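Following this line, the structures themselves.
Both of the next two complexes hold chain A, though its partner changes from chain B to chain C.
On to the complex of A and B.
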């Protein structure tokens, strides 16, 4: 960190027209504290907000990475509206958020409840289920590509079960390709969600559940009426993590299908990468990135606002 | 930025801010040559296959000129960042890439070093063929590329398998279709291909059918955007392509170009239209068994044509050591360096220098050299004759067409719509 950056960053706070009384309090804060606050602010501004801002500004240009960017106004966004591949990617992303989020949360919660009890080999099961999370998504993609190969393990398994006519070219058939990738992604994510829920369940007060049991509540009621409300904090985290993870999903799709066959498994992120980095249409790619950003922000803000409102009420 | 200021004042905050924002980035990197000369060189290469990569390292190590550092970058990354490399203030001096439209586009932007002196009498490329010279010359007449090797596309087959099945390579299109029917009736997949993660392999047959039906001139013009993909000529090509679809191994949609040789290795498939790079995919003991025949003529009125993608090097205009770069390019173009690279890499590439002693090359490569010497027209490949952006439209259009060839008209309309985006953006 150079002195220049610090000095530049320190000039930013006075923009805030704070009320007089607060200003009096602020004046008593030692300068050293401001310096310590300004350093991370400058780092954040330079390394996070400035690149993000550049991405926004690029989306209003046509730029091939060479020479000056041509300002084109909203042309990139107009092109998005008419682009059939973008529509496919958008629909696929909806399927992905619902499928990936839904399946991994249901699976993770189910596994967490099942494994949240003392018993033989519980630790082994927990680590076994968490294990796929340790492997990178690109490796997961390669592993599942082998599984889905024609006459690969999955087809062989179906033949073994006498379901030979079900076997197909999982990743090359537009009807199954997206779901085949989805299953691979859920396979990896489920262990992560399980660990988060396990941590949440550990924090639940067992006496409440016992009291409810004494009052005659059955297992179903105890879970939904007593345990679930205590998991609210964990649910917020999991919702945010899941939505962000599903909107930024990229590596596993790229490793398994590259958006093919003929763009039927394209997600917003893979289409953005293809446009921005394979074809070097940086303006158009940035426009897609902005759409992803807006979707993620809209989801998260809506949820957090609703969440904090319900906390205020209770 | 006069326009942007006016619009900023006129427009609403949101809309008016757009051109202002646009001025934040991409305001132009200066690629002008710098005064300070350097004494070392950087060679940026995207060669990733093990054999050719090791061969490149050994060829560069034997260079006696300025000290040269070889950077090998993954092909995808190289492709994406090529424009950044060239326009940076300290570009790599020499870069390994493809001849043709991509190089010419960069030449138009003034990013490539003029190497016309290498093509002048006495230069390292002086004795290369006129076709190669034309390919290496930009629109303004300056030579900007140094080709060092090329390879051919053809229908590859195994001699032992053809003998075992009692069949001969066909010489006519009807004979080819009849051969496919005969093989299919005997339970052998006539053709193999790998169009899964290497969807561009679908363009091999498109290119050849277009060359055989409409000729090289129409093909080049179509790829340059001078004709529409909705033309009657393209319909004719797709009609023939549709006839071929049942002959392909059904797993072609899951395979890549390398996996596609597997059924040929096992004698389950007979023929493969592919570049000569495929030889390294076969087991060592089968490589000598490979032979090829050119896709038979369809329309007798068009001149013969073959695809021969050309690889080589260009230098950045912003190189700090242009004299050193020319020295390195001359060395790489020399018969000794070409011969050393081709023999050490184990691929079936052919030298561009007529002075290379090819008598030690395999009979397959000798036959390839003969094929290209006898053909009237030479094209490269879909992406090299057009652009990577147009290639992605071909990938989507052709893989979709192969999955459902029932509506050729719709396939052509969608392809043209996507291609139009590429030519207008």
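On to the complex of A and C.
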């Protein structure tokens, strides 16, 4: 259904006494309304779409920021294919999507189910789990740097449990650094996922679950067979949002490790920033940015399609 | 009593209370470390329980760390960005929601798409554009960049909200002879107050917490918002954990206040964005 027919269907119900006049009232678009739309649109075109377009053209050049950019064709992309740090960043981003998405969905969904029904202290538990969400990623990174310090709280806790030999330099050890950062990011994300699932659970039809219970389904079966299918919409949104967020992730890595040790926590976004801003390889940095964009675009479209569908209903 | 609404057993709290404490541990530890003295931390380690109480961490963060100035920068940028973004988003949403603008749905989704782009694709050109305009390294640059990037999302949410308002309200205003400006100002805006409050709560935390745009358009330390200033603090006081913990806590307090005051709006803001 096009926008025009939606508007018409709304403004001319069958028993409307004066359809022509009403339609006329809403059909004429005053000049001021064009201004209302044009100013924000121009701002966004100038600050978002124009720069995005520029990144594409910059990615085919070699430019140190002074003088003119040298066109180099696909050389930046060829260099990417052979760049081991780019490979590490790409693999790390895959680990990040799976780990960050998986753990925050498990945590957020589990907590949403546990805290779905109101009850004593439930509001307090919920607030406590939301709280990290309002802490910036930079501050989250610093909080967790404290946790991971040698003889910091985590090591002290392990010693207290008699697991002292497990302790290590979590953020300086190439084997653990990426996962240590990931845990901190998940800690902050769980509250958001829980909010989405709590709303999803509220939208589920309780009579379906009642009926399944009467038929003898246990809680586990009811959850997977009755509740989960009703959460499909939420799951789609969470999936798209997680991938888009993962590809953007920058602040927390920058605050905790800056991509080190030995590039083991490098993500595409941190590597892009390092190339583009620290090393001022503007063409090469742009090429990495284009790769990030290309990886994100399918999920952006998924999200947009879902949003435009719900627009149809509203 | 139905099967699925059984009251919770006591085990629920037995598990949830320690879990919640563990969940808040990073914040609680930061608070404990922030009020310990440097000597205490150096002697007994970060993981030890506090035996000293000292505000030297806060004093140093505010003194040598210039945390206060950074907080002011953050506040200025956040207030300006939130107000301008919501104003622009509201007029755009009004135009798209209530007038038969050709391709209005495509325009709306196009604007939302802009907000979903990975910021990385914008960083290098945005930095160059602010230099070309002569606003690089000013708070103004940080504001306009974030206004542009956020607009699509807020327009989309407000559009959905305005569509859900009953058509009669608008028709009545038009029949009363009110032009679009008056309809917007005295009919639409008051009705949109809940949506605007939700978005303002959400936007405040997002913009206050931003780091990447600040790193893209700012260079001078005295202009840094609190997030970027903290990372510098971490470089400058790398072994003074009490200073870093104190600075981090101070940076977290403003958004935590917004959250506790407007928790309902905040949560509903997250939901309108995701469309449940």
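Points worth noting:
In the analysis below, the second predicted complex is superposed on the first by the 254 of 314 C-alpha atoms of A that agree within 3 Å, B and C clash if a C-alpha of one lies under 4 Å from a C-alpha of the other, contacts with A are read in each partner's own complex, and residues count from 1 in each chain.
We take it that contacts are C-beta pairs under 8 Å (C-beta built on N, C-alpha and C of every residue); 3 or more make two chains touch, one makes a residue touch a chain.
As the structure is a computational prediction, the values presented were derived from the model and not from experiment.
More chain A residues lie in contact with C than with the other chain of the pair chain B and chain C. With both structures placed on the common chain, the touch criterion links A:277 to chain B and to chain C. By the touch criterion stated above, A:263 is placed in contact with chain B alone, chain C being left untouched. Touch criterion not met for A:179: it reaches neither chain B nor chain C.
Contacts of A:300 after superposition on the shared chain: chain C is touched, whereas chain B is not. When both complexes are overlaid on chain A, the residue A:60 reaches chain B alone and has no touch with chain C.
When the two complexes are overlaid on their common chain A, residue A:34 makes contact with chain C while staying clear of chain B. Once the two complexes are overlaid on the shared chain, A:149 sits against chain B and chain C alike. Legend: residue contacts after superposition of the two complexes on their common chain; A:68 is shown touching chain B, with no touch to chain C.
Of the residues of chain A, those at positions 54, 58, 149, 277, 282 touch chain B in one of the two structures and chain C in the other. On chain A, the positions that touch chain C within their shared complex are 2-4, 7, 10-11, 22, 25-27, 29-30, 32-34, 36-37, 39-41, 43-44, 46-52, 54-55, 58, 114, 117, 119-121, 124-125, 127-140, 142-147, 149, 151-157, 184, 187, 192, 195-196, 199-200, 203, 206, 209-210, 213-214, 222, 233-234, 237, 241, 244, 247-248, 250-251, 254-255, 268-269, 272-273, 276-277, 282, 285-286, 288-290, 292-293, 296, 300, 303-304, 306-308, 310-311, 314. Residue ranges on chain A touching chain B, taken from their complex, read 53-54, 56-58, 60-69, 71, 73-74, 79, 83-85, 148-150, 169, 171-174, 257-258, 260-263, 274, 277-282, 284.
Those residues of chain C whose C-beta lies close enough to touch chain A in the complex are 2-5, 7-8, 12-13, 16, 20, 23-27, 29-30, 33, 45-48, 88-89, 91-92, 94-96, 98-105, 107-109, 111-129, 144-145, 147-149, 151-152, 155-156, 160, 163-164, 167, 170-171, 174-175, 179-181, 184, 205, 208-212, 215-216, 227-228, 230-231, 234, 241, 244-245, 247-248, 251-252, 255-256, 258-260, 263, 266-267, 270-271, 274-276. Of all residues in chain B, only 3-4, 15, 18-19, 21-29, 76, 79-80, 83-84, 86-87, 106, 109, 111, 196-197, 199, 250-251, 253-255, 388-389, 392, 395-397, 399-400, 403, 414, 421, 425 touch chain A in the complex they form.
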